[in-house]
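Lettered A, B, C and D in written order, each chain numbered from 1.
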Amino acid sequence: MSFNTFGRLLRVTTWGESHGAAIGAVVDGCPPGLVLSEENIQPFLDKRRPGQSRFTTQRREPDRVRILSGVYEGRTTGTPISLVIDNVDARSKDYDAVAQTYRPGHADYAYDAKYGLRDPRGGGRSSARETAMRVAAGAIARLVIPDVTISAYVIELGGDPVDPAAFDADEIARNPFFCPDAAAARRWEGLVDEARESGSSLGAIVECVATGIPAGWGAPLYAKLDADLAAAMMGINAVKGVEIGKGFAAARLRGEENADAMRPGPDGPAFLANHSGGIAGGISTGQPIVVRAAFKPTSSIRIPVDTVTQTGEAATVETKGRHDPCVGIRGAPVMEAMMALVLADHALLHRGQCG
Amino acid sequence: MSFNTFGRLLRVTTWGESHGAAIGAVVDGCPPGLVLSEENIQPFLDKRRPGQSRFTTQRREPDRVRILSGVYEGRTTGTPISLVIDNVDARSKDYDAVAQTYRPGHADYAYDAKYGLRDPRGGGRSSARETAMRVAAGAIARLVIPDVTISAYVIELGGDPVDPAAFDADEIARNPFFCPDAAAARRWEGLVDEARESGSSLGAIVECVATGIPAGWGAPLYAKLDADLAAAMMGINAVKGVEIGKGFAAARLRGEENADAMRPGPDGPAFLANHSGGIAGGISTGQPIVVRAAFKPTSSIRIPVDTVTQTGEAATVETKGRHDPCVGIRGAPVMEAMMALVLADHALLHRGQCG
Amino acid sequence: MSFNTFGRLLRVTTWGESHGAAIGAVVDGCPPGLVLSEENIQPFLDKRRPGQSRFTTQRREPDRVRILSGVYEGRTTGTPISLVIDNVDARSKDYDAVAQTYRPGHADYAYDAKYGLRDPRGGGRSSARETAMRVAAGAIARLVIPDVTISAYVIELGGDPVDPAAFDADEIARNPFFCPDAAAARRWEGLVDEARESGSSLGAIVECVATGIPAGWGAPLYAKLDADLAAAMMGINAVKGVEIGKGFAAARLRGEENADAMRPGPDGPAFLANHSGGIAGGISTGQPIVVRAAFKPTSSIRIPVDTVTQTGEAATVETKGRHDPCVGIRGAPVMEAMMALVLADHALLHRGQCG
Amino acid sequence: MSFNTFGRLLRVTTWGESHGAAIGAVVDGCPPGLVLSEENIQPFLDKRRPGQSRFTTQRREPDRVRILSGVYEGRTTGTPISLVIDNVDARSKDYDAVAQTYRPGHADYAYDAKYGLRDPRGGGRSSARETAMRVAAGAIARLVIPDVTISAYVIELGGDPVDPAAFDADEIARNPFFCPDAAAARRWEGLVDEARESGSSLGAIVECVATGIPAGWGAPLYAKLDADLAAAMMGINAVKGVEIGKGFAAARLRGEENADAMRPGPDGPAFLANHSGGIAGGISTGQPIVVRAAFKPTSSIRIPVDTVTQTGEAATVETKGRHDPCVGIRGAPVMEAMMALVLADHALLHRGQCG
């Protein structure tokens, strides 16, 4: 199957290939009456946009989004919102060499095995270019939950972690890595430069935090908030691991260490810790929701790798196109978008059942 | 919302509370003609069944499953299969003390915040008892994909990992921990005994491997095989992290290290490594699928923890019921079941679209 | 595929065969806090229950429903509600003769063609017995929309229509036909007696009206309220036609005749007519919703009909079991239930998106 | 809610307003490898296209469809197919007068009640213009089921039925009414001319027949083939009634008259009649599938009708835009498209579960 719709009440359907005429999304189920124009979306696309520093791909896509439906006189009407971004700077000839050769780490072989054919230009449908539409849709989702604040930042790049004590929220927008630690950001410049120059690539770990969520969002047992977030994040290109709250580290704590004790607070129970990452039993607790994702190093590298061709011959492949030396960096705005989409959907679902 | 159905073509709907009359599941969309009786299901339930050693909860549930529909003369008819397990050994009075008090780490507070009321007996709907139905449904899913072999085992308990070099598949069934390393299993006896006696609890990391899957299963982009697995595993009680293949470790590799090179093989491309964990672009590659999940330590502990009551008073809570000192152990058969359900669903989905 | 779940936010999954151990349903997504016990459901089942007069099947099923989950201390908890009715008076031996022979008008041949096998006892899954669970679930749906009143009644039986001028709502419960016209009910006694005695059967047309619905429920464009009602009604056993408002008669009116003119009213616009049947553009207008369904004559008749056996031999079949001479009669409470399910689901969906 | 996706495995999501920049659809789940270009779609759009005779609206839309994704080198890739049609001849000023006034029979009031605002230009999202995208998507669905033939034709217009004895399949394409009876087509010219000139409108009944369907498609119990068709047809603008096979007339037959007797045939059972319209128990029987829909007269008429304004004042409205005097005529290609979409979806669903 192909299944390109995300969400239950707030549903996003995306379409488009990396080197096709355009990419797009249809956002359905958005509440009516929200003030919406391209201006609400463009800043988030600009954060994710390629070609803004030497640390991301040099493909120059202006990524100008157009709204083709669902808005009348500046407000959402409750009907589907069609979003389109034209592809401008596609260089498909870069891909002639790899059209017949499977790039290890890419979806080339798997798509061929599934569908019997594939669009090889820029990775076609499996390209991370599609995530631009998630970011666009996520910008609309944010309008659905205006009291929620969402921030994603890179906490480790190429195995080099930030110093938690140096966390500075204002720093995130100041460097090209969405890095909350100025010293780490400086170190990462060298790391990424080296990787790019040597034709290699690096992985990263990105954390995304959402605040302002009331207790009670979530849909047990098979649309749990954490399960939905796990699917949302694992579905981002290059993500190989997801954790909530303490995540894997929780497996090394004892029960009394991991418990988030509570005390009476001015507005209801106040938690003394947030090992749970803001979710218990699949439902939000009112604490910040904390999710981390591990991005593997970009699979497109200039270093030759052994592989086979579509016809089964041995070959080596080195990817010539323009690529991110570390896809995890631009993964940060995508994680924010997925967080927004999951939370907005659950806000509506909760209101639907529980009023 | 409450949403208790899992899957797309092969759909499982579960119901029931820990201390209600029974728990059950409806398995819909199962292919017709499969040989099925309670005998196909019971062995998997027996693996998960509580009360089998001193290392799991002492609640004595025979967990005898009955099939009430969907089977005629020993074969599935293609119509919904209703499964029921009676609750036998519920001691609801154990919960009188906590009915008005939120147990930290549990869903008590979140359920109350969402629904305004909850069934406190044994955790009600949020109890891990529900996972018995996942195991039962998973046993049916296995029949849908008879060429697939699925095995889950604990690779770390209380921070103590197994030795990969000592991995012995036959050992898994020989100890009460689903541990593939005999020496580790012996160490864990001491760890778990200590935790149980001190009223504490431990976490664990469980790995689940599936083999025999052809390349091509998966549904990009929003029902990717890895995203579906992430949701399936994160939705298991106490799981706080999920990773596929190299997972978080992949974020520390360079592109050329992480690449799964290919060479021509006798039956198509042969991979030289499996960092991807058998999935690329959301689609199976034909390699083994490898998933790990981190289980937090059981939240039910006898060590007192600060909390608040339903009416907002400060309190301390110590959980008196019978509990697993390490829920991760019994998580292994549940992970196998979820793996089976996801794979069987995708097998049908793939056949639906791609023939 | 087999697909046994109805609804989007309020979801009902039914299971069970006519002559299996039991039939059941899981109602998921029900709002929490509703007062619910078997007493809320049983009266609706009793209306549909067989064996209450000589005009329906003589199968004697007490149809006592049990609630197995989702209710705590008399209130819904927001978690799935499991409903079960044991099958008591199944006489499967009646079906030995037809197990190998396709009964014309029944699903026997189609099920065999689809699944390669079927449960022949009492029609198995395709039996109208399943509609008992719709009625049970519908009783819960009514609690979700307490301001809505739903009433279904037979307006034509065996080609003999009621006199609209003689419509008497109180009469509906006084005769065994759910007939709102006392004179017609008397005539129908003769019609049904004759059909039953001659081994034949009759069709019927049933109208279902719901009042108390605010303007604004519905989900354009592919979950329109009228489209959902059409699916709900067409999915009832033996229904072959559905119409809303003026229905087929509207095709014979001119635009100015069919227009539902409006005038200012005390509580907003007041309609001067209701040709639309309370739905425009897939959304409720606030007027009564009016749906009619055509039930074919019962396919189980004692008059021999030409057919073939499973192995392709010519045969004749006469159905010996106990059957309704007119299934349309007991279709009335089923239509009410489906109306309640559709409306309750849309009430929640509307609240979800539009607040 | 707004819900603009149709189908389960083959899913169509449409977007766009009558007078927006464009309308579009995303077709997801299409099998890979089908030969597809705009040339496969355009002929069906041309059949539905307005402005081709004096009997339909005079809006001149070329309705040129573009495929923006999902096709590579002339074949479907299994990924979402994005279809767009630009709106060219929108005259929104025609609607200034009605922007504040509810047009009886239209969705104006219901949309306002639901969403609190609406796009009044040409009916916005509720316009029948959206059906162009159903026709485009339906053209793709036909490619999924190449052995199935689908034909819809008008059998009654303005209360004047065709003569079944005069049925001539070749005649359907020869007149502007999709009428299979040449004599009726001539009579209808006068009927429609009169209605148009007097500012009135007419209803119609359209029949749609599909042949070449194997026995076994359908998804009992809540995605029955007939229930899905009923929803599909009732969801077409202006449809108020749907029937399958004998439909409402079956309610007036006796059981032995309505039974579709069978005899052994060369390729399995041969039916002696088709009262069922090709569906039993929600599953195809292998006979032709026959569906009829009743279209109300166009609500947009020049004859003044009493109504109210958005602010609740009494008013009269006469619709000045360019409209079809009988929307049922152009409903024929839309019914064909919906039939194709339902059947293609069920073909894939059946293959998914039953292989």
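The rule is short, and it goes like this: a residue touches a chain if its C-beta (ideal position, glycine included) is under 8 Å from a C-beta of that chain, and two chains touch if they have at least 3 such contacts.
Note that the structure is predicted; figures quoted are calculated from it, not measured.
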| item | value |
| --- | --- |
| Centroid comparison with chain D (C-alpha atoms), farthest chain | B |
| Of B-C and A-C, whichever chain pair has more C-beta contact pairs | B-C |
| Chain C and chain D, separation of their C-alpha mean positions in angstrom | 26 |
| Rounded Å distance, chain B centre to chain C centre (Cα mean) | 39 |
| Gap in Å, rounded to a whole number, between the CA centres of chain C and chain A | 46 |
| Touching two or more other chains - residues of chain A | 1-5, 9, 14, 29-30, 32, 78-79, 114-116, 125, 220, 349, 352-354 |
| Residue ranges of chain B touching chain A (in the complex, touch as defined) | 1-6, 8, 14, 102, 104-107, 109-111, 113-116, 125-126, 130, 156, 158-159, 195, 200-205, 214-224, 226-235, 240-248, 250-264, 268-269, 272, 275-277, 279-286, 294-301, 303, 305-308, 312-314, 328, 346, 349-350, 352-354 |
| Contacting residues of chain B [partner chain D, same complex] | 9, 29-32, 78-79, 220, 348-349, 351-355 |
| Touching residues (chain side chain D, partner chain A) in the complex | 1-5, 9, 11, 13-17, 20-24, 26, 28-30, 32-33, 66, 68-70, 72, 75, 77-82, 114-119, 124-125 |
